[in-house]
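Letters A, B, C, D and E mark the chains as written, and numbering starts fresh at 1 in each.
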Amino acid sequence: MIKKLLSPLRIQQIITILIFSGLLLSIAIFPNNLQEYAGGFIYSILLLILMVLLIVELYITKNPQKISDIFLVIAILFVLWEVITRFALIDIVVFPPPVKVFAVYFTDYLEILLGIANSLLVLGSGYILAIIIAIPLGLLVGWNKRLYDLSYPISKGLSPVPPMVYIPYAIILLPSFFLSSVFVIFVGSFWPIFLGVITGVFNIDSKIINSAKTLGLSDKTMLTKILLPGAMPHIFSGAFIGLIIGVITLLIAEVIGSSVGIGWYLQHQSQFANYDAILAGMIVISIMVIIITTLFDKVQNHVLRWQ
Amino acid sequence: MLNIDINNISMIYETKDSKVNALHNINLEINSGEFVSIIGPSGCGKSTLINIIAGIIKPTKGFIKVGDRKVENPNSDISVVFQDYSLFPWMTAYDNLHFAIKNTNKNLTEKEIKEKALKHLEIIGLSKFSNSFPKELSGGMTQKLAISRMFALDSKIFLLDEPFGALDALNRIHMQDLLIYLWRSGNNNQTILYITHDVDESIFLSDRIVVMTPSPGKIKEIIEIPFKRPRNRKELTGSKEYLSLRNHILSLLTEDMKVSLNKQEEQMRKYYD
Amino acid sequence: STNSIQSSENEKIDAGYISLSAGHSLVFIAKEKGYFAEQGLNVEIFEFPTANDELNALSAGKLDVAVGGIGEPLVQIDNGKNFTFIGGVMSGDHGIIAKNKSIANDLQSNPESYKKYKIGTVSGIPAEVITLGYLNEQAGITKDDLDIVDFKTAPDIINAIKAGKIDVGFVYPAFQYSAEKDGLAIVNTTDELIPGLPDCRVTINSKDLNNTTAEKWIKYDKALIKAYNFYMNNHTETLDIASKYVPLKGKELEVATYNDHLSLVTDPYEKGSIKFYELLKQIGYVDGNVNVSQHFNTTIYKTALDQILKEDPNNKNYQFLNNLYETQKVD
Amino acid sequence: MIKKLLSPLRIQQIITILIFSGLLLSIAIFPNNLQEYAGGFIYSILLLILMVLLIVELYITKNPQKISDIFLVIAILFVLWEVITRFALIDIVVFPPPVKVFAVYFTDYLEILLGIANSLLVLGSGYILAIIIAIPLGLLVGWNKRLYDLSYPISKGLSPVPPMVYIPYAIILLPSFFLSSVFVIFVGSFWPIFLGVITGVFNIDSKIINSAKTLGLSDKTMLTKILLPGAMPHIFSGAFIGLIIGVITLLIAEVIGSSVGIGWYLQHQSQFANYDAILAGMIVISIMVIIITTLFDKVQNHVLRWQ
Amino acid sequence: MLNIDINNISMIYETKDSKVNALHNINLEINSGEFVSIIGPSGCGKSTLINIIAGIIKPTKGFIKVGDRKVENPNSDISVVFQDYSLFPWMTAYDNLHFAIKNTNKNLTEKEIKEKALKHLEIIGLSKFSNSFPKELSGGMTQKLAISRMFALDSKIFLLDEPFGALDALNRIHMQDLLIYLWRSGNNNQTILYITHDVDESIFLSDRIVVMTPSPGKIKEIIEIPFKRPRNRKELTGSKEYLSLRNHILSLLTEDMKVSLNKQEEQMRKYYD
């Protein structure tokens, strides 16, 4: 019993919970103004949720070390955040304390929630469009030597064109601002996916390709049944980066004739130098991405279970 | 009804700082319906030759004709079991078979394909593993699956590169029987080119044996096997004729090799003593 | 003038500017014509894409002075930054543009009409702040009453109007003129809606203003004031200098540098700035809990102007500045 | 002889040259004002160079089909560009004709040349820094299960933070504006490289890893001699995307207290809606990237020659 | 001086929809310096056992002790040649050897390492291919290189999984000689566990032969080989004792297999006739 309590893992967990409690205490002790009071309240709830999650997770997870480590790091980051801002080690207007950042959720929750919905719509449309176009195109280009010889240098020339440059043309040529936004996301996430597919096709073991060739497959079967699954490992890493870039591109895509979206929110707040809101928005984006990519990983593990 | 015409094939691999003369002026005619084995020491260009016949690598010189058609690219007339049996790793054992059958027998119904695939799994004793991915199979099982996949196809020409290397003696005999059975029970015009290291195996299976020597890979001798089919393993191995044939092939193989191997052995003794 | 260079040691000043228009020409002139050097200042100038980045560099001590923006420094002061305004470089001339003349007429005649149209803006730019403030004062209209969408740049707004996707746009200086050239209509410039509001301020850190540094900032303002005089007297040469810093040419550059609505004046514009802050508060862009006049130091500017007037008392331009100062100072 | 002249490849080349000649002619025929005259001159020279290159390349290249295809596509793109702008199919202010775009090189060549030099410096520093940090870190994280469990979710949370968000902190914390620019490039290109390394390590055949383990290698040898080369294929594709993102990030990195660089040039010109200059700048960036990545490909082919 | 204690090892592979009972209660003590062969039909768990001993996969039950130490992870006491010989594809033949030697013989000078690597290439007859990457070698050459890499190490325990499968008869004999030579010329306490399908090979090489049966993988019998070393191939294969031993092992292997193989054969005939 005592031995179990003193195992390194258990000690680590106890330390983490102590840190969280310490943080909670510090919120209660230090005086805040009214707005920060709301932030303190939200922050406290978050800390409590984290503590409960930690304790619950430890009993149901297969990998308690992993959960413990992550929570410990989160706890340490919170402490650092507190310390840096309490002692104003850097400009606290630009890097505001937790209570201030969490207070944003109190005032702006509606904007943020609607923003998430809109961003998911824009991001989803642009990203899925990119996937739908990049994958068949990439398979074709990776497979057909002549097409590859032609489109590889062209891709190299087009891929560094910043999505920003496309904005005027999107505004002029596309029928709605929504489509313009979607288009900008599309060009942002297209290249990593496209290049991922091509590299994926190239990295399929030539023995497997030869083996497939001796089956005399139709081009379509070759693409869908051999090249696509064979290229999957690279497609997934390309699609992951494409997603990240898509999310980053939200910041410019959602300010095309729009006033909603988490990208717009960040851009808008940065016009007013509201760094508390920017950090609050970034936390939302990060959590959003963590959730999306966790689902993504699940799909990936299933699809690549043959590896 | 396809014969193979191997016409003055040479193959030189060029790498950054060296050239390997893998094949030198290989001429060989394989008749439609014939079973020919190639035997020869490691590195004499057997796999290279198979790859060239299959259209996977282009020879430096010469050409291959299959029937009336020059071979330029892999195609489904020719089925190959590669030395490292390339199953599709993302398909289960069953799917590997199903996929191959489906794509080479266009006029089968889904039900027939399914049946055929399951039958083949049964024949090689892998029914229990129909849902396993290749990485979940043992070395021998993978090999059996690869051979079985080839059998399931409707090709005119089969190229097999040491197909039974990872099999134990009994499985090996079973697969040999299966191979011969398939070949003879078909309409008797499937052509088989078979690479092996096993002299007994090659005699038991083949109509002709091509003996090759290395550096550069050349044909040393072509030996007709006079035994009538169906052949009985026990009877055959007892016969005088068999033994003399066997000794002849062994001595052919040994001739050039002995010198270099002796040198290597000497090196070894010098080194370790 | 060589005299004054020798008399004081070369003091290094890192100054930021933003490149949104020709509005910072006074800084360029002071640099190019040697007015800074004349004052014994070694001013190095750094370009920034936004005033916020520039102000962050200022408060982090990476810049000594930030030139540019009126909304941004006021918002940052409202956020708790301790900046002091010691002068300015321009005022006026932000634009409201419309798809065509009839919309423009409609909007001019009746503020209520703004509710009818789809409006594009870049959040927080003076044209937006002033128009919203104006609509609020005149007709009690708030932002929520309007169909207003955001863009990242003024050119995007013009493209969107030209493509027929929106009807009205708020733009920063000079863009209303290029829009007009492209067939769009100017509704108003902001000075027509609410006169006497400044734009780009000269901002420093309050802690960087004390008895020992005051002299330096007086010299800095003197150089700008002299640049103003130059700007007023030498049109062609001013355009040459400006063209080195902004990618505008010919007519476009000329109208961006000289027009009836634009004045590149050096006054701190205390009253106007306080008014601007009130507008920001009125439309909900700031909390408005700060006493902005505490963030002005007009003495520096006044001293600089007086010293120059003493040297050259009959100069019309300096006299104009002095009059402007009198109307804008808060007692 | 005649047969050779009538081969599809030869016909294609002749068509390409005819198109180039037609374009040249059209420049000569249509009247231009003085500024456009300079543009027309530069454009003509470019077309001539392309024609000469095409003819020369065809005699020295091993892959004439590839060269012919690329030049044909270039020729067609130029024709499209001409047609679209001559008939003003879209707003020619936003999409100006070739002569206008090439005229920019006449007026701004100094800014552009200096810009290229500065951009290469900033990009080079940030990108190389990203490589130097991402590769060892990625190998370590890919190798150590516990480290991976911890840093994978953290990476997922941090990777979508737009480089823009880091700018205020870079300005405040780093000693010079140059370093701030470098840092922004660094965070832009870091994630794709880092994730590439990790995926690369995961995709090394487990048999190879096991084989290495039985050699009882030191951790350092394991990382440098097994994981690094084994992960190389993925590292290269990550590094490629990292480079592209680095280039795109130049647009926001080079405007931090600076007035030089091709990224600054584009951003600066886009503030003033000079679309001719933006296109001219984009062409420069594209060519720059094509050259860099061609060198990159050479390195890659050498390093991965074992594949 | 390391013995291997295989203690009640069981291994069950669990995949999504099935369980494979690969090994069931395996107990075996291999003495320091002993040469033990494992023989058994495909899929009986031989590779699995080797992987468990090497510490690469964790058994479902039981443990392995090498000397006094429990095996938890791969380490350099134990060298393995895998069934699919995993050379490092990014290193040339020479570099593969050089790297292995360097990392397991820490006290050699660079010159000694170089000499040793070159010597080994010579012994296996691949001097000419020292700059070739694995993909540029033939199947047999790759295998020789993998074995040679193992020989170059200074381990106490060698695990070999069908190492000579891709070799022709002569090269095979040469490599067998090399293996025995190395093992005996060392300080005679290297332990070898050797998987093969070839009964003759196993008798010629081993002190003991472990015969396994599949589903679940179990030890059927352990056979002592009574022949004195050094053994003479010709003499041995002629002897009565040898033949009876050989037959015994073959019948052991055949027993269980026959039934299932016959069933498969039947299926086959039913299917193709």
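Keep in mind that, in the parts below, a residue touches a chain if its C-beta (ideal position, glycine included) is under 8 Å from a C-beta of that chain, and two chains touch if they have at least 3 such contacts.
All values reported here derive from a predicted model rather than from experimental measurement.
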{"item": "Touching chain A and also chain D, the following chains", "value": "C"}
{"item": "Centre distance in Å when chain C and chain E are each reduced to the mean of their C-alpha atoms", "value": "83"}
{"item": "Chain A-chain C separation of Cα centroids, rounded to whole Å", "value": "39"}
{"item": "Chain A and chain B: spacing of chain centres that average the CA atoms, whole Å", "value": "51"}
{"item": "Interchain centroid distance [CA atoms averaged], chain C/chain D, Å", "value": "38"}
{"item": "Where chain A touches two or more other chains at once, by residue number", "value": "91, 94, 164, 168, 172, 270, 305, 307"}
{"item": "Numbers and ranges of chain E residues touching at least 2 other chains", "value": "16, 84"}
{"item": "Overlap residues in chain C, where contacts from two or more other chains coincide", "value": "52, 56, 59-60, 155, 159, 162"}
{"item": "Pairs of chains, among all present, that meet the touch criterion", "value": "A-B, A-C, A-D, B-E, C-D, D-E"}
{"item": "Footprint of chain E on chain D - complex, ascending", "value": "205, 207-208, 210-218, 221, 225-226, 229-230, 232, 305-307"}
{"item": "In the complex, chain B residues that touch chain E", "value": "13, 15-18, 20, 39-43, 46-47, 83-84, 119, 122-125, 128, 131-132, 136-141, 144, 162, 165-172, 174, 177-178, 181-182, 185, 197-199, 250, 253-254, 257-258, 260-261, 264-265, 267-269, 271-273"}
{"item": "Complex interface listing, chain B residues touching chain A", "value": "51, 54-56, 73-80, 82, 84, 86-91, 99-100, 103-104, 133-135, 153"}
{"item": "For the chain C and chain A complex, residues of the former touching the latter", "value": "50, 52, 55-56, 59-60, 72, 75-76, 79-81, 120, 122-124, 148-152, 155-156, 159-160, 162-163, 165-166, 285"}
{"item": "Of chain C, residues touching chain D in the complex", "value": "16, 19-20, 46-49, 52-53, 56-57, 59-60, 62-63, 153-155, 158-159, 162, 175, 178, 182, 245-248"}
